[in-house]
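Each structure below is given as structure tokens.
Same chain, two partners: chain A is paired with chain B first, then with chain C.
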Partner chain A sequence: MFEAPLGFFVGFYEVLRSEYALHLCVLLGIYLILAQSFNLVFGVGGLFNLAHVATYAIGAYTTALLSTELNVGVFQCLLASALLSGLLALIIGAISLRLATDYFAIGSLAFSAVVSALLINWRSLTRGVLGIPGIPRPEWGGIDFNGVQNFLYFVIVVTLLCLGAMWILFRSSFARSLKAAAQSDVAAQSLGRDVARLRIWAFFISSAFAGIAGGLFAYYLNYIDPSSFSLTEMVLVLTIVVVGRPGSFWGVAAATLLLVVLLPEGLRFLPLEPSVLGPLRQFLHALLLFIVVYMNRARLFPVERMV
Partner chain B sequence: MDILPQLLINALISGSIYAIASAGLSLSYGLQRILNFAQGHFMMVGAYAFYAARILHQGSLPESGVVALLVMLLLGLASLYIFVLPFSSFSPLLPFVTTLALGAMLEASVSMLFGVNVQSISRGLEFESIEFGGVFITPIQIVIIVSALSLLSLLGLLVHCTSFGRRIRALSEHRYAAASLGTSYTGTTIIVFCLGTVLSGYAGILVGLETNIQPTMGASYTIKAFAAMTLGGLGNLWGTVLGSYLLGLIENLSIGLDFGGYSLPAGYKDAFAFVIILGVLLIKPEGLFRRVGRRV
Partner chain C sequence: MSIEKEAAAFLEVKHLAFSIRGAPILNGISFAVKAGETVGIIGPNGSGKTTLFNCLSGFNRVPTGVLFFRGEDIGPLGPSQRALKGVGRVFQNPGIFREMTLLENMITALEGRQPLLSTFFPWSSTHAANRTEALRYLGEVGLEGKANQKASSLSGGQMRLLEITRTLAFGADLFLLDEPTAGVSPKMKEEVAHLVQQLRTLGKTVLVIEHDIQFIQRFCDRILVLDVGQVVMDGDPKSVRENPRLQEIYFGGQTGAAGQAN
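Showing the complex of A and B:
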């Protein structure tokens, strides 16, 4: 009588233990950090930063280059990724302080275009479109994270630390001030908030977390090339945050699970060629983004009411 | 060796393509204050419609051109009604997101229909390049330069010498004032938006004939069009045209310039152009050219 459900659970357990499930969990951890950090700057801060994936790319390349060329240890690598991504994001912050929405969107897009042009063309450093192969999995205190299972534990620890830090941040007065500045910067200023400083910090923090996610990505794949950091990737991150409701921590976490794990896994059951599957997934992400924006168009970015 | 004349001609060619692609976008921005992130993807779709008509269905050149431009007209109408107009009374950030989604959807659809590989639409059109005193130019490139000059002059006539152009200018200057005097905002917007779409489709066909086509070619042209608009000032039509040629000039001269025996590798020309855009945005966000009195 219990055989059928038991068989199902055993099968489920086997799937969970399989290499493939571990792969999905690692991917989920990386995207949770990436999406949640974009949620901080875009969802809470209302800053339409199209260069977020560019800072993720900077983090990935920093870790890749430091660990292959200089054999730097894992924590130094991730720290360097976070710092470099955060510092370069200060340029985006400087643009945002001077420019209103439309111009800022163009400026951040131009910044990400500069980054991807450099990744492709600065061949002596990044090896161009060939990418950087042979990034070693980290090793620390005698523990070798080479196996997928050990590496998963490592990713889980880093993800939980990052998400915990961001969860605290989302509940802090910093996030509340940032949200107030997004709704009306004049009102926030008149209540004594330094809007410029808040926004610069938001760019620094969110890009530093994106840099850590990039570092994990480089360690995990052992190989990175510029094609992983295109505008398509930016649309995916934007979709996750919009579907999960901008500014909502748990909503974005659930949307990451849906869009990074459940949707692609569901699509695998369709009898389609892999060459069609990739574009189909991209199409569905964009369609979902459009539908959610269409349904929430009155609520998504409330327009300031004129008195 | 003196390569300066050749670089100037190359600058004129790429500038012409950017000008055709971004002139309509600039007029549209003047009316709606909306950035269209699917602009480069419209060019890509135009090129693929031409590819489908000419290579897959063996149409002649003019037939394929007409088919492609009709496809662009329909695409422009559909995009405006589905992706832009429903959001016009809400936050101006929304159309950014929806046109980004539109661009991703167009790219994915074309990849699924035609495959992700590079295709050629100039098959069977073998042209000899012509030499004028050390400068090489192909007939396609002459077509690009001539179409830019003629299309831009026609656009200039339309905007400055017809009653329709007067309506565009009035609405760009003050939307509500012009609308209260009986100018149809939505009607003008539809025509201008579709004009921009058809022009960018035509630019896409020219790019395809000059090089190759690929579903992923769109995003970089979107950024180029924005760059041209930024140089000239958003919503400033003639500024955008000048900005387009300036962008072509910057890109091509950056390869040829000699910094004391060290010249910039060819691959860096995109990066160099975008760094200049960032600089212009930071120092002179209103664009390099002063708007004399009125918009457009």
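Showing the complex of A and C:
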């Protein structure tokens, strides 16, 4: 009598335990950090930073190079990834944050193009399009994170730490100041906020988290090349945050689950050729982005920008 | 004696000149405001009223002239530094944080002078105290019931009330109110006037730009009339209103033209 549902649950459990499900969980963790950190700078701070994936790339390459070339330990690698990505953000910020809203987006896009070009052409360091293979899975205190399951535990711990820190950050007075500055630059200054400094800090913190996500990504795939950090990736991150409602912590978390796991996996069940599925997924992302932007156009593109 | 000297130097503007792309907007304005005074600023469109406020609050970099606030030269300071010194700006286009609730708007103001670490964590005691304080401020202007609504849901007049109260909560001593009753319903206009009078009883110094001289003469000690970037009249409301030059400035060159306009 109980055999049929039991069989279902056993099957479900088997799927959950399968390597593939673990793979999805790891990916979800990495994208949660990446999307939530973009949510901080774009959703809360209102800064249309199109260089976010570029800082993610810097994080990935930092961990990849340090662990392959210099055998640096896992925590030092992730810390270096965070700091170097943050540093890049400071350079981008110092130059582009002087630009007003829309021009800032263009400035950050230019920087992201520069980073892409560097990854491809600085061959002596990055091996160009060949990428960096053989990135070892981390090891710490006798625990080997080589297996997917052990690595998943590692990702879960890092993800929870990062998301916990960002959850507090989203509710902090820092986020309130940032939000205020996004809605009325001049009013925030009239309440004593140094808006430029506030934004530089937001930019630094957000990019540092993106750097950690990049480090995890490099560890997980054991191999990275410039194609993982293209503009398409930036569009995916942007879609996640816009669909989840910019500034909303849980909304963006849910959107990450939807767009990184549920939507692509759901499509797999359709009787379609793989050559059709890929473009279809991108088409659905674009459609979803369009619908959400259209529904929220008044809020996403405020009309008033005056003194 | 010393108190009087300090009072005289609360805000001192000397030979303030400002131009935008070579076109002069302010032509060497000079005036002084005593602590606790409420001063109305009137003048035709383009006479430099808002530009003057932008110069005072630091949004316009001042090329020439001297600005003393409480005896200190604030000319080199940026807008946020001047705000921390006590210069409070209330904008013509309401500078409220529209997508934040009224409560968040107020808390943001209260946090402005508190050390970051004391307010950073959502569970900090300072944050809890700020919530109570924010509600008290909202209660004083009758907006307590809307504390958890988004500020964008307010009417124009309520937005003005919120912004002035927010500036008060931040701890401003000098209020620069740029047309606080423009586009506000007559009933709300009274409430705004009431709030401005309250600022006065709290000992705050207020500069208010307003077109309606009948309206501001009720609560202003003094009225400055600006024309082509200069102070052309400075006196008590009655003498300014009765001065025939006022008609001239508002309604064009000749008195004949002014007569027609009336």
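The rule is short, and it goes like this: the second predicted complex is superposed on the first by the 299 of 307 C-alpha atoms of A that agree within 3 Å, B and C clash if a C-alpha of one lies under 4 Å from a C-alpha of the other, contacts with A are read in each partner's own complex, and residues count from 1 in each chain.
One rule holds in what follows: contacts are C-beta pairs under 8 Å (C-beta built on N, C-alpha and C of every residue); 3 or more make two chains touch, one makes a residue touch a chain.
None of these values were measured; they are calculated from a predicted model.
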Once chain A from each complex is brought into register, does chain C clash with chain B or fit beside it?
fit
Residues of chain A touched: more by chain B or chain C?
B
Check the residue A:Leu109 against both partner chains and state whether it touches chain B (first), chain C (second), both, or neither.
first
Which superposed partner A:Val195 touches (first chain B, second chain C, both, neither)
second
Partner chain(s) touched by A:Ser184 [first = chain B, second = chain C, both, neither]
second
Tell me the angle subtended at the Cα centre of chain A by the Cα centres of chain B and chain C, rounded to the nearest 10 °.
80
Tell me the contact category for A:Arg268 with respect to chain B and chain C: first, second, both or neither.
neither
Answer with first, second, both or neither: which of chain B and chain C does A:Leu289 touch in the superposed model?
first
With both complexes overlaid on chain A, does A:Ser172 touch chain B (first), chain C (second), both or neither?
second
Counting only touches as set out at the top, which of chain B and chain C does A:Leu231 meet: first, second, both, neither?
first
Nearest CA pair across chain B and chain C in the overlay: distance in Å?
12
State which residues of chain A lie in both footprints, the one left by chain B and the one left by chain C.
302
For chain A, which residues count as touching chain C in their complex?
168, 171-174, 176-177, 179-180, 183-184, 186-195, 247, 299, 302, 304, 306-307
Quick check: in the complex, which residue numbers of chain C touch chain A?
54, 57-59, 78-80, 83-84, 88-89, 91, 93, 95-100, 104, 107-109, 111-114, 116, 119-122, 127, 163, 166-167, 170
Chain B - residues contacting chain A, complex
33, 35, 83, 86-87, 90-94, 96-98, 100-102, 104-105, 107-109, 111-112, 115-116, 215-216, 219-220, 223, 226-227, 229-230, 234, 265, 267-268, 270-271, 274-275, 277-278, 281-282, 285
Any idea which chain A residues touch chain B in the complex?
48, 91, 94-95, 98-99, 101-103, 105-107, 109-111, 113-114, 117-118, 120-121, 123, 128, 230-232, 235, 238-239, 242, 275-276, 278-280, 282-283, 285-287, 289-290, 293-294, 297-298, 300-303
